[in-house]
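So, here come the structures, one by one.
First chain A sits with chain B, and in the next complex the same chain sits with chain C.
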Partner chain A sequence: MKHSAFFWFVLPSAAAMLLFIFFPTVSIIVQSFYVEHEQVIIEVENCGPFGCQTATAIDQEATAALREEQPLGRFAGLEVYKDRNHLAVNEFGELWAQSDGIGDFIGDLMNLPFYKALGFTLTYTFVVTPLTIVFGFIIAVAVNSAARLFRGPLIFFTLLPNIVTPLIGGLILFWMVDARGVIGTALRWLADDPSLSVKADTGLMWTMLMVYGVWSSAPFAFIVYYAGLQTVSKDTLEAARIDGATRWQQIRHVVIPHLLPLTTFIALIQLMDNFRVFEPIISFNAQAHATSLSWAIFNDLGGETRQLSSAAATSVLTVIGVAILLSPVLVRTYRSYGKA
Partner chain B sequence: MASKAQRRPLALQIVLLATLVIWMIAAAFPFFWTLWGSFKVEADFFSLTNWDNALTGEMTRVETGGAFTNNGYYGAWIQEEFWRAAWNSTLVCLFVVSVSLTLGTLGGYALARSTYRYAFWFLLIALIFRALPPITLVSGYLPVFFDLNIWGYLPTAIIVLVAINQPFTLWMLHSFFKNIPAELDESAMVDGCTRFQAFRHVIIPVMWPGVITTGLFSFLLAYNDFAVTAMILDKQNQTMVPKIASFLGTTQTKGNVMFAVAAVVSATAPLFVLIMFFQRQIVSGLTAGAVKG
Partner chain C sequence: MKLKQILLAGSFLVTASATTAMAADCGISDGRLSIIGNEFPAIQTVGAAAQSCEGLADAKANLTADHQTINLPGMQGNPAEYTTAIVANSSIVALINEDVIRPLDDLIAAHGADIPKNQLITINGNVMAVAFMANAQHLLYRQDVLEEIGVEPPKTYEELLAAAQMIREKGIMENPVGGAFAAGWNLAQEFTNMYLGHGGEFYKPGTAEVAVNNEQGVATLEMLKALSEYMNPDYLTHDSNATSAEWEAGNVALMNMWGSRSGRLMDAEGSTPEVYENTVVGAPMTVGGGDKAASTLWWDGWTVAKNISDADAEATFLAMKQATSPAILNDETMGQAVWMIEGYEPAPVNDGVFSAISMGTIPYPMLPQHGLLHTALGDNIADFLQGKESAEQTLADVEAAYTAAAKEKGFVN
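Here is the complex of A and B:
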């Protein structure tokens, strides 16, 4: 294809990505180095019958003028990154000096908003991803063993948790595990503890969020594995059987090696997607017990005061996290496509 | 075709069957339970006293006179104007799908046919963009949108969703166009067509299966989005998902949580139908990346 033809064909798409993905990324980086102007304070002298007093007041006009002049705010360098709501450099150092051991240190660190969010995001990512793969594989094997007639409906219901809107899927589960919902009641009965409530217990809340994560992503792993199982070579399996391989040996030495490349694919996609965990925290109303990096950005942007600089700094830190997770994907793509 | 050697031992058969039954309950039961509960009153669906109230509709009978009630739906659709959100969602999905497919087919086609190195770099950058969580971009949008006074309107959300959608659309369509033999459009060009004419008369007629699959996923992205639409649409222009989230925040008075339950069921229904009709395309779309590697 000629250069000019290529240029015109990709132009609309490239322009959209440049304007709404690339520029905003640059903009959040710039923004994270600035903070909003402080209000301009002036001293006013109030004179009454009992003499004069000086008081401070906000100079609205000067403040507005300053904000107009430098809309980005005051240049602050890495100040936003170092403050208590982000990397909390000072608090980190203090905690490190005071703590009695590594467990104690991590416990204290979880009281700082950024580390609390990071802690949950990483735990979620690295617990949910392997479980998704395991459950997806088990379901794929089970569906594959079912009669052909039932497979269509089985796949239909398996896809549901994955396709449904994350916020909605989260709500549907949350209403069931609510203390007054059907699973919540069952749990209380099983544990024989009438005060048991997911909303009140951090450990239970984390568990439920991860159960939601596995429930909603396992179908994705399932469908990839299921497609993979259809292409396992019948000849190789038969040859293995003739050579006297047991059922387990057939799975271990024929099926699993065939599915291994698919596993890396699922793992990489899941790592990226789980790292942005956000909606279930809203659905489960879980912010008191668990927050994530995406939730922290959302929280900064919402509400009365939109804390753009703070949100931008968290966004940049999140992008750095994504970049670290993504590097194996990039290397892999570079190897497989770059040669061609 | 199950020969004796292939037949599974009984124990294994039972384990597999049990797995299937448990998974089916886990996957499907929550949806049916919520559908059932949406026709009850709050005191039944969230029953503190006796859980089988939810089945018998004890309180529903006391409060409304019948075992089922559509109060939740009435409250959500009419009183809280959920119809407006449904209409907004329809508009957003319609335009996001058509615009992103238009841009995506052009770009994906060029990327599939170009033999130069920059096409590869283009795809690699698109992959990086695909990995960025959309919420990280929002704090970049807001100041600009406020400044230009375009914050809160549907077209703004549509353009943003189209752009966020592009990387994925490009990848899907690029790998799809790679499977259409290049001889097809090249022979048309030998016969005197320009590149665009070849695309228009030769490629467009054969591209629909791939476009439909990609379109389904664009639709799902627009339909399911919460982070972006919640942040850049104002109250009147909210789509369904942010609207449901707003039910949770504001209407905590008695009975109103049932509005959210009814709205959730209403928003799930179209997805249900979608999977029913397009199961094959969704499966092929989900596995496309894996097969390609």
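Here is the complex of A and C:
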């Protein structure tokens, strides 16, 4: 392809990426280095139906002048990253110095909001991703060996959890595991414990969130694997059968190696998605038990006073986290395909 | 969580249908009205009445429990999407902090001479909002259950705990106490009530430096924990809606609930006669031998956006004035709230809020930095209630989380 043709060919997508990915990212990074101006507080008298009170308020004129001068706010460098609500550098050091062992240290660390969120986010990512891949594969193999007549409806029903909007899917499950819901009641009966409640126990809540994660994203792995299964060479399979390979041996030695590149792809997408776990925490009202990095951003923006710099810093940390997480897979992919 | 209610409503745009108000003459010739506000019956009534004004070029209302996360962004543009925000004494602070609502003095001089003085919310000498109703949290109890155990309605939280113990022991209910204890805003609100009831002060005098790690703070947490032991084990996921549902299902006999919601709990909808006929409103309770009620007083009122044309502001002012005038009061709307409107006749359902006012309950603090403390409280208290850490540790965490946020926002150094 000529250089000019290539240029015009990629121009629209490059422009879109610049506009919708690059600039917002730069804006967030810049925002995370700034904090708001020092507030100019004045004493005021507030009157209302319940009488008058002396209170404080922000001096709008003085604030407007400050903003005029420095529209971005005060430059703070890495201060926001280092404060207690993010990387908590000082607190981290103190805990390290005080703790009596690694278990004790990690326990104390989980009291800091960022590490608490990171703890759940990483656990969720590393439990849900492999399970999604395993379940997706099993379902794909099962559907692929079903009679042709049933495959269409089977595929549709299998895809449903992925089609349903995550918030709705989460809510459905939330009501089902309620102490008076179908699953909640069944669990009580099974455990023979009338006070058992999934929503009241941190361990069960984490399990529930992960079950939801696998439930909602396994169909994605399934459909990718199912497409891949259609490309497995019939000749190789037949040769394996003639050589006396059992069904398991066929899958182990023919199908799985054939689908390996797809596994890399699914792992990449799922690692990224799961690291940004958010909707189930909202749907399950789970913030007392589990928080994630995305939830922390949402919480910063959702209070009566929005904390934009704090949210921006957490966003940048999330992007760095995703990059670290994906680097092994990316390096591996680069090695195997980059040479060609 | 609040997002849930959006889903349930099915749509962001809730065109209030609580009252079918006829087209009204509000003296408007042109201009735009776009309301953002919370979603409960009284506000739906006001929204519908404002929209029914004749002569508006455009009339919209977005009433949602998520109003406070969208009202600010929706008013920062120029022209602002929302011409008026219906706010309370907590949520008006965020709008004033960012300077997105206009002083109403000119409009009142021109069109609002008949608005009673006590409805005007003045901040530093400027009228910033017009209040139309009062609200507070107070006791709701099941008369039949209390009669069965032979106990008077509790006046203090200690009496409430004793009554709860008796109800449980008699096997009437396993978890007789209710409360909106969902981690986040609701739980922080319960802390605020109880802390003020114990006589606590949130800040070091004259500063924005937090000071909740003290005796009153510990006593507050202990009381919240004692209450939670008589609640449904899922209490940390129960917001006001879920708690109301528990009440209507007949699972709860005692709870501290918003006055604006008691009407729905006492009507015949969504419950059985055994429950709604026996639902009675009580006064706010005191705690720890204190004389102040462990509750906060609230007003709900309307504001006018700054970044809109004067014509739109005038139209919005006139429509909202009409929507909070005696014209909206009828049999259906009378009991929806404690209206601060002339011609309002209190109903038994509103007794709780009146008691709160007459007891001299403290209004929710209107301080520019308080939203940050509310968030910090909501994020940290659940750890103590779940037994993960000591009360002192939780309060230290609250202070540290607030201080980090307040530094970032420039309130403390």
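The criterion applied here is as follows: the second predicted complex is superposed on the first by the 281 of 340 C-alpha atoms of A that agree within 3 Å, B and C clash if a C-alpha of one lies under 4 Å from a C-alpha of the other, contacts with A are read in each partner's own complex, and residues count from 1 in each chain.
Heads up, the rule we're going with is that contacts are C-beta pairs under 8 Å (C-beta built on N, C-alpha and C of every residue); 3 or more make two chains touch, one makes a residue touch a chain.
It should be emphasised that the depicted structure is a prediction, and the values quoted were computed from it without experimental measurement.
Of the two partner chains placed by superposition, only chain C is touched by A:195; chain B is not.
Legend: residue contacts after superposition of the two complexes on their common chain; A:331 is shown touching neither chain B nor chain C.
After overlaying the two complexes on the shared chain, residue contacts for A:278 are found with chain B alone; chain C is out of touch.
Of the two partner chains, chain C is the only one touched by A:42; chain B is not.
Of the two partner chains placed around the shared chain by superposition, chain C is the only one that A:53 touches, whereas chain B remains out of contact. Using the contact criterion defined above for the overlaid structures, shared-chain residue A:320 touches neither chain B nor chain C, since it reaches no partner. In the superposed model, A:182 lies in contact with chain B only, and not with chain C.
When both complexes are overlaid on chain A, the residue A:215 reaches chain B alone and has no touch with chain C.
Once the two complexes are overlaid on the shared chain, A:288 sits against chain C while remaining clear of chain B.
When the two complexes are laid over each other on chain A, chain A has residues 167-168, 171, 178-179, 282, 285, 301-302, 306 in contact with both chain B and chain C. By the touch criterion given at the top, residues 1-3, 5-6, 9-10, 12-14, 16-17, 19-28, 31, 71, 138-139, 141-143, 145-146, 152, 154-161, 163-168, 171-173, 175-176, 178-182, 185-186, 215, 219-220, 223-224, 227-228, 241, 247, 261-262, 265-266, 269, 272, 275-276, 278-279, 282, 285, 294, 297-298, 300-302, 306, 308, 311-312, 315-316, 318-319, 322, 325-326, 329-330, 333-334, 336-338, 340 of chain A touch chain B in their complex.
Residues 35-39, 41-42, 44-50, 53, 55-58, 60, 63-64, 74, 76, 80, 83-85, 91, 111, 113, 167-168, 171, 178-179, 195, 197, 199-200, 202, 282-289, 299, 301-307, 309-310 of chain A touch chain C in their complex.
Interface of chain B with chain A (complex): residues 5-6, 8, 12-13, 16-17, 19-20, 23-24, 26-28, 30-31, 33-34, 37, 45-48, 51, 54, 102-104, 106-107, 109-111, 113-116, 119-120, 122-124, 126-129, 131-133, 135-144, 147, 159-160, 162-164, 166-167, 170, 195-196, 199, 220, 223-224, 226-227, 230-231, 241, 244-245, 248, 260-261, 264, 267-268, 271-272, 274-276, 279, 282-283, 286-287, 289-291, 293. Against chain A, in their complex, chain C makes its touches with residues 1, 3-4, 7, 68-69, 72, 89-91, 93-94, 96-97, 99, 118-125, 131, 134, 182-184, 208, 232-237, 239, 297, 299, 340, 357, 363, 365-369, 371-372, 374-375, 379, 382-383, 385-386, 389, 393, 397, 400-401, 403-405, 407-411, 413.
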